[in-house]
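So that you can tell them apart, the chains are marked A, B and C in the order they are listed, and the count of residues begins at 1 in each.
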Amino acid sequence: MSSFEYASAPESKAIANIASSYGLFIGGKFVEPKKGKSFNTINPATEELLSKVGYADKLDIDAAVKSARSAFTKVWSKLPAKERGKYLYRIARILQERAREFAVVETLDNGKPIRESRDTDIPLAAAHFFYHAGWADKLEYAGVGNKPKPLGVVGQIIPWNFPLLMLAWKIAPALAAGNTVVLKPAETTPLTALLFAQVCQQAGLPDGVVNIVTGDGITGAALVNHPDINKIAFTGSTEVGKAIARSISATKKSATLELGGKAANIVFEDAAIDEAIEGIVNGIFFNQGHVCCAGSRLLIQENVSDEVIEKLKKRMSLIRVGDPMDKNTDLGAINSKEQLKRIHEISNTGDAEGANRWSPECKLPAKGYWYPPTIFTGVSQSHRIARDEIFGPVLSVLTFRTPAEGIEKANNSMYGLSAGIWSDKGAKILWAAKQLKAGVIWANTFNKFDPASPFGGYKESGWGREGGRHGLAGYLASDAKASK
Amino acid sequence: MSRLDINKTYKLFIAGAFPRSESGRVYEIKGANKKFIANPAMASRKDLRDSVVAAKAAQSGWANATAFNRGQILYRIAEIMQGRSEQFVDEICALEGVSNKAAKIQVAEAIDTWVWYSGWCDKLSSVTGSLNQVSGPFYNFTTPEPLGVVAIFAESKPSLLGVVRTLAPVLAGGNTAVLIASESYPLPAITLSEALATSDIPGGVVNILTGKTAELAPWVASHMEIDGVDVAGLSKKQEEELKLVGADNLKRVFRFAPTNNPERILSFMEQKTVWHPIGL
Amino acid sequence: MIIDGSESSLKKFLSELPPVDQVGAEARASMLATRSIKTTSKAWAIDMAISMVDLTTLEGADSAGKVKALCAKAVRPDPTDLTVPSVGAICVYNDMVKIARTELNSIGGSEVAVAAVATAFPSGRASLNVKKLDTQDAIDAGANEIDMVIDRGAFLSGHLGEVFDQIKIIKELCGNKAHLKVILETGELVTYDNVRKASYLAMLAGADFIKTSTGKVAPAATAPVVLVMLEAVRDYFTLTGTRIGVKPAGGIRTTKDAIKQLVLVNETAGPEWLKPSLFRIGASALLNDLLMQRMKLRTGHYASANYVTMD
């Protein structure tokens, strides 16, 4: 060996006990789907079968909702708040104890680098339970009135990009507020949710408080349309979010929607360039760009754009693409064949519309779903790659001349989930933060998440917030609202 | 022979001016005693469009005014209404057929509602924002910001209070408004707009239309520049239809209990969270 | 010329450098610390690290005997295994230079450099004349490398020209006889912005190496400080085409620490810097830990300190 090439450092799979098949988790037990259907979940890095999971249809959803309703009225709503909180603490602790196992299963099922599932997804998921556990007996201080009440049964539908973390974002506040839930994990990443069902059993959580039903979009629609659901919490595409909004328009159901984004990451001339480069890389290549708040539009002030792009390209050549189980991998597998197709399709319009594509040299594995880290320079606002959410490791680079122009370009989007600001000038940062129409503003940092920090979007990026006191409010009834 | 009264012409209120409907249409309003009172304008979808343009144009100025300034302006509206109390009382009596005493109470409540929401303007962040204790070297705060343009279908009765308690909170949060007055009790809304015109509220921040709710509601629902809707004056059916179409741009649609509550302000605001590292 | 040598041109240049964000720099350094270096790459890294060690003794109690023992260790770190490379240099006070040079030459270690700390190390609080004499004395005694300290007092009070001129004068004394390593003493500069500015200042004044610390002040060679200095040499290369070396010193005691340093080099300045002529690690205890880890890799068993020589 004549140079410093990192030998492969794979995390062991031995810790993951993935069963060959899983049923649905309803009423505290794993049960077979009523029609006995199941579907495969695979490892997107190898296309190998991981397990077969039950396919829930309308009848199964009905059973799950009934179980949640019964648990709500008979058990959960009668439990002292303090005790409710203790269950959440237990869950948090078990997640911490089994963190390594969860990280391995998450990486196998999702394709994300083990470094990220180990250092981000799983610890944050546990932190969400820990944070919300403390709220359970303090709801009267949450700013929604003196006697806040739960909504009842909540239907929750989560995406495949952060499977366990999104589950935690949904279940932890719902339970803390006193609701019971029926959660549907994403079709391609059901495993950590099913593992979480085991955690609920280990924690002794009363049967039916958490129900987990696996399936596809049709399963999700059945959950949304079930008449005995009080609230829908959904994270996913804007398209499906709108469909949900329509589905519930003639009902009393409320909804929290965390939808798409096309975040601008704005680099001003006075930025700390090296840290900005890290922020840009973290903004778009974290989790293969499968992040609704990804900094997918890089806006650079023109007088530093050459320097930034040159440094960015150098930095991109250091990104280690490949086996997600390798502890040194920075960019893992694309989660599914369908998603890979979509990334190809939108990115190809970038070439067709005249933007300049660049990727560092990198060998992609022969099996599995892969896309190299990619940037497009010479992008203008009208290009599709500057407007549509790609949800992959593809960055569109645009430039601006004055701060006002930068903000104007940043806000020129139907989305408003997040935005980044890079500048060393305090006053300018606060000015820009105020102008940007987005729910989360990262100044001199990017893609930071915390259970105490509300997250959610403006405009077509969704309804409501998750996390923090503001997120909790979405799971409590308000006496200020009326229904006719 | 007694002197002939000068009757008021009830027009629309758009961008700080009082135009007639571009459609040239009016409709007849009779009092509780079945006698003719006025022919207010029957706004068209184009009047709605113009109102939204005006509201959008006024939005950033109103949102970026200091909260203290917004509070003062809302308070000024209360002052002006106080001076015109008699007119509001007469109008309410004629329209609703209620007693003078009841009308007076309603006017007083409407005025006090402005005062109440005026006081909220510069307390929203303190009461509803937060400094979030994240796990890391970051300063992280959440603060409410206005949604943008909010359409309001005002309640029918109480005819004046129903307008004020929907409008004031929308303005307090920094939104601009297009208010569609109750079809059957529209006059206090127009008289209010005359008070607004002499207050310090910038043109376009409030726009008031009179006309047929059923005709305007679908255009409100589908207008992509309208960010939120208070459906107080819509039927359940109309509300459902509006929500269905309003999903196209994920309009924030709400109906509130008939009380004053800061949630009326906050529902039409977005919470913005800002992160910044703490370091040398 | 990037600057004309005047204090104003120097100040202008340094003030235009992009700032460093502390939290971001530390996050990058700690992310790189998660790199998992195993098997063949670990073996490569251990040998590379050994060859980069500036084996150091800088004590008041240093004696000829101590220095000679160190020389033996430097040339053959593990007498039982001759495949172990010699270290890069030994680093001593200037009165020990002659002893060290002579000893090294006599035991087959002529390739091992002798580095002398100079310019009133570690505080640098002496007149320019004394600093010049100190340096000249070391060069005359046969030092191959001069590890000088900058005047931190002058730097912090904004007298950048003074700091620059001193480095320039010492560089002139070194001529082509000795390499110049410039110690920034980053623990006293406190901020990463200062580390970046001082790095550039030293490079512009003629440093062949920029070095973090004397080892007498904590914190010393922290990962983010080294990161910022590596960024500086990388960008200076882009600007001038000249590669300047980096030497972290102080606090690097274990193989794990050393490998983290090599990862920092590899992913910041780049693989071109992964050689003793461009990266050194100032240390004393580190060498034995590297040797023990090397034994573990070779034998598969955990090693004992009883089997490595103390000096």
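Everything that follows uses one rule, which is that a contact is a pair of C-beta atoms (placed from the backbone, for glycine too) under 8 Å apart; a residue touches a chain by one contact, two chains touch by 3 or more.
What you see is a predicted model; the values in this text were computed from it and never measured.
Taking the mean of C-alpha positions as each chain's centre, the chain lying farthest from the centre of subunit C is B.
Chains A-B form the pair joined by the most contacting C-beta pairs. Taking each chain's centre as the average of its CA atoms, subunit B and subunit C sit 70 Å apart. The distance from the centre of subunit A to the centre of subunit B, with each centre set as the mean of the Cα atoms, comes to 37 Å. As a whole-number value, the distance joining the C-alpha centres of subunit A and subunit C reads 44 Å. For subunit C, residues touching at least two other chains, in rising order: 21, 23-24. In subunit A, the residues that touch at least two other chains are 444-445. Looking at subunit B, one finds that residues 138, 277 touch two or more other chains. By the touch criterion stated above, subunit A contacts subunit C in their complex at residues 1, 3-9, 115, 119, 270-276, 278-279, 318, 327-328, 424, 444-445. The touching residues of subunit C, counted against subunit A in their complex, run 18-21, 23-25, 27-28, 34-45, 48, 231, 262, 266-267, 271, 274. Residues 137-138, 277-280 of subunit B touch subunit C in their complex. Partner subunit B is touched in their complex by these residues of subunit A: 127, 143, 238, 241-243, 245-246, 249-250, 257, 259, 414, 416, 429, 433, 438-445, 448, 450, 452-456, 458-460, 462-463, 465, 468-470, 478-484.
On the side of subunit C, the complex with subunit B involves touching residues 21-24, 26, 190-193.
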